[in-house]
Amino acid sequence: MKKRGKGLAVAFYPTGLGGGGDFSHAIVKIKPDGTADLIIGTVELGQGARTVLPQMAAEVLGIPYEHVRVTNSDTDSCPICFGTFASRVTYFTGNAVVQAATNVKQMLLAEAATLLDTTPDTLEIVNGIIQVPDDPKKSISIGDVAFSALYVKHKFLVGNGCFGRAASRPDPETGACDPLATLAWAATWVEVEVDTETGVVEIIDSKSVYDVGKAINPALVRGQIIGGVAMGTSWTLLESLYPYYPSPEHEARSFRDYAIATTMDIPTMESRMVECLSVGGPFGAKGMGEMTANPPAPAIVNAVHDAVGVWITKLPLTPEKVLRALEANGRAASAEH
Amino acid sequence: MLNQRFASPTDLREACSILGQGGGRTAILAGGTDLMPRFNRRRPGGRPDLLLYLGGLHLDYIRVEGHTLVIGACATHEDIADSSHVREHAPLLAKACSEIGSPAIRNAGTIGGNVCNRASFADGSTALLALDASMVIASESGDRIMKVEDFVTNPFMTYLKPGMIVKEFHIPVMLPEHKWGWQKWGQRRGSFISVTSVAACIKIQDGACSSARICAGAVAPTPFVSKTAPAILEGRPLSESLAEKAGVAVSEEADPQDDTRASAWYRKRIVAILVKRTLIALA
Amino acid sequence: MALLEIKVNGAVHRAEVGLTTNLLEVLREKLHIMSPKFGCESGDCGACSVLVNGKLRRSCITNALSVQGCEITTLEGLSEDGDLHPLQKQFYEKYGFQCGFCTPGMIMSAKAFLDRNPNPTDDEVKEALAGNLCRCTGYVTIVDAVLSAAKELAGKLAGEPEGELAGERG
Amino acid sequence: MELKAVGKEKRRYEGLDHVTGTTRYVDDVIVPGTHVVKALRSPVHKGRIIRLDTTRAEQLPGVAGIITAADVPCNSYGFLTLDQPVMAETDVRYKGEPIAAVAAQTEDAAIEAVELIDLEIEEQTPVFDVLEAMKPDAPKVRPEGNILQIGDKNYRSVVFGDIERGFDEADEVVESDYLFPSQEHACIETQVSLAVPESDGRLTIYSVTQALYFLLRQMNRILGQGNDVSERWSGRMQYSYRGTLGYCDIKYVGGTVGGGFGGKTDLHADPITALLALKTGKPCKWRWTREEETLFSTRHSPWLMSFKDGVKKDGRIVAREVRSIHDAGAHTGMSSYVVDKHCFYVIGPYHIPNVLVKGYVVYTNRTPTGAIRGFGLTPGTFASEIQIDKVAERIGMDPWEIRFINAVRNGDQLATRRKLDSVYLIETMQALAEWAGVTLPEKCARANSDPREAEVWPLAETMEAPLEWTGGTVS
């Protein structure tokens, strides 16, 4: 028999290292053609750091995203980033990038003000042009300003940015500490179908809503959500390195034994974002890359309970566990009667 | 190292002769889907002195000879799944082969390799057993024919002696009164290795089951043909309760092991259910 | 050791290879064709997928000497005259990758599939790519990209004007 | 102001490289003369090395050099607790622990050389079950004991309010145990490290790391140049090849990685390639096989969690007690840090006035565990979110309603006393309910994350912990 059930789970996730003390630097320099170099020590894992960070630099500088080139290759050329982990890059490195871009923007405006015979506070940058609003005669391109600064005044237009948090050691008795920069929020709703004969659980539908603060690049945020839900679902239904834990017997050793989800194992996963801006994050952004893998497991377990009345509290939620639980339940039920 | 040899003969007898000369370790390469991962582990001394490649022998034919479907040992899973001959005369095999691994694996892996590697979960073997297929084994002195059932009984030793090559498989073509079913279950849905597979081929005459070959894979050291299911099914019309009994019978014959993919306990359960479901679908 | 001669992306290459050398080693280490990736060397992840005489194969479990004289196509051979193949374009535009490591194999699998089935359903695409593992994306954008590429290829065959690739990195 | 670049769906910066296969990952870097690295790994879960002789292996043609523990200047590293050797000294604590490593001209020679290393190990009784390991008479995984000491306790404690009083106030008490198993990151790219000695005496390390500077610091210490290298290793400083190898003498190259998820946060291959490169003067590359990656790279630790909740009939959870046991494997790695993070958040996004959490780091003879996506919160969220459904079931309440009743709001404190801002849980749930077609009870539909009135909830004493922005120094 097939039975359906629905399950809810919510989650929150902190941005930044668990004990604080982490920081990131950024360097933005303006080249004489008006493009910018963004230099960071942040590793790109695929989540899109090398995309969202130049987006922020472009926004601050008033130049197109395509005019920012990123270097993040090595420890000789790049300033420190603590690391691509702890859902921290968008927030921490992002803040450093905003700061660096703001610094170099101030230099640009000061140079431009001299050239345009005005003061920096009268100027704005729109699409690479520094201008006095409503006075078309008073405008100059960033490239011309940078060229003049470099080749006429011999000034190197480079801005530094640094952002970090103080380390926060927990109180040994109470654990009191301030371990986070901001929190992101999530809620997931899953519908499953359980085959009571085989114990096989099929996910019929999965809807997730994530508060991510400001989504710097909504397509990449969606990628993180879908990818995370897929990973969390795969963990839940398929994965354990020690299938007979705590025994080390039959430990998985290859992709043949250690089955991760394929295209055909991914259920329909829908996601939406809500944006509650963070305090202190760049443009109000929050870190959300890691948390997306967390709600699926409890939501699926709760949905299975809703469907067939058994709690699977040990992952992975294999058909065997469901079947054993159903049988134990059946035995208990018949004993009661 | 110096004397290592890659041989790619174009004549079957020549291939047998090369193999028969012996001397050192020999491996036979067809699609490579099982053999190459083993070589890739690069265990010291794991490399053969002679690697005989069958690709030049053109054993990838599929044809119908009278009431027999003949499939060359080097036909790939994709060749078989795609063949109109197989789909018409042994659709069970086409179905089983169409679900082995992923497209790239099916493009390389061969039916001969699937049988010769004697994996407990070899879907090709399980299907061929249900179809009561025979296989032709070539040697320098000529061909001999044997039942696939007699070939796959031992998970550790091969019937092939030096100088022998599996040439082709002979499958009796299905008649209108034959019905077939195939089900496999694994950890996941895409590109998976059978944790349990069931192949069934039954004959219905006058509304009753007149013969039944029910096979199970991955629940014993080798795929096997159920010895107890026919007695339960034969002479009676297929019904749900009969299907369930047959499932229990096959499950009792099964001798699975715990492994990374599933426990023996679960394999015993699932094989009974798969047999039941396969038969109900045929009723 | 034996001499292997293969044609890769239209160019003839020769290399000395061992008895058990796999095609992936030849492509990467001897010919320095780097798009096929090392992921598992057991045929299970698909990152090394290439076409051998037009058929999809795992180069890591393909014996190099068994493809003597064959034509091999890797991702490097997909774009013509510097133009992106519609699959490449759609993977780019639909965000059909994150870390990019599985992408060459994924695109080659999709290419082999669309060559046989130019008008696929969602489920058929999933089935065709089931042997290519991706840990980042959850596959949704990948399937989307393949379906879009199929549409674009169908449009090309029908002689529709090609869409401009908007801005190099826009 | 209207945003022009931020908030827009810009294409991925390196997207064209990815779809044309031209992205250069570490495995795609070619340096002429590169030697292949292979390691001899422990064949047993626990044992003592009786004999280790590399003489025969060194004589094999093509072998450029072999290193063992004796070649490591400072053979102990870690994130906070420095207890993991690059290669085992005498005690082997998990199956697969590196014991020696070879650099050779070809892969064949490297594999054969590993085979020729003469190793004798006295096998000892391992322990795998954390509950067994915690018993006083259990076989010792580590000489310090099987439970990590955190201050004067053998667990991390988080205490908020008065747990006894909380349970006294409760109408119902719900208890349950949870197991979160061990998982592999399963990046498609395995660990790869290429260390190249440069002509100016520097060392370039091409690495798949997620954190270039993070590893640079650890490598610096292993190579004997950290300020904090203890006396214990001073005798080995002679092995600091090429004179001083300081912070500035290592250049980490990376930045492009084929999947991370935490699996490339810990040190894996770099110390061994670096030491071999320094010893042999050759570029040395080690690419882990999928089997090595699956069996011996860091993984998600298994977690055993016991929850005890006190709840009132109106749905308010008034007490939560959690005991979590983290199966660290054989070395500490990031375990103490991950247990901290777990303990800070295991209560979930709920306002619970009385809390007691104890988190244990327990050693077993398994592959060491490490960072993974969700770092301690994944198991915590798993257990906490099932637990709250169980609590709801006990008091006959809807799973949505109980979450609304207990959801944190702006101005609430976590158990760590941090006061919260930009809280949006209630609104996030409302958005989901509306989308999923779930009709919420009136009071849930009208709720929001505005600060609650202080008298409604008995708050424990408040410790203000404002954010402090640093100017770039590490404290």
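General remarks:
In order of appearance the chains are A, B, C and D, and numbering begins at 1 in each one.
Assume a contact is a pair of C-beta atoms (placed from the backbone, for glycine too) under 8 Å apart; a residue touches a chain by one contact, two chains touch by 3 or more.
Keep in mind the model is a prediction, meaning the values are calculated, not measured.
Across the assembly, the mean Cα position most removed from that of chain D is the one of B. Between chain C and chain D the centroid-to-centroid distance comes to 34 Å (mean Cα coordinates, whole Å).
Chain A and chain B have Cα centroids lying 47 Å from one another.
If you average the CA atoms of chain A and of chain D, the two centres end up 18 Å from each other.
Between the Cα centres of chain B and chain C there is a gap of 30 Å.
In chain A, the residues that reach two or more other chains under the touch definition are 45-46, 48, 64-65, 219-220, 228, 231, 251-256, 258, 260, 262-264. For chain C, the set of residues touching two or more other chains reads 40-42, 44-45, 95, 97-101, 126-127, 130-133, 135-136, 167-170. In chain D, the residues that reach two or more other chains under the touch definition are 10-14, 186, 257-261, 289-291.
If each chain is drawn as a node and touching chains are joined, the picture has every node linked to every other. Of all residues in chain C, those touching chain D in their complex are 32, 34-35, 37-42, 44-45, 47, 74-76, 79, 84, 87-89, 91-93, 95-104, 107, 133-136, 167-170.
Across the complex, chain C is touched by residues 10-25, 27-28, 30, 185-190, 257-261, 287, 289-290 of chain D. Residues of chain A touching chain C in their complex: 45-48, 64-66, 219-220, 223, 226-231, 254-256, 260, 262-264, 266, 269. The part of chain D that touches chain B in the complex is made up of residues 107-108, 111-112, 115, 289, 291. Note for the complex: chain A touches chain B at residues 197-198, 238, 243-244, 249-253, 256-259, 261-265, 318-320, 323.
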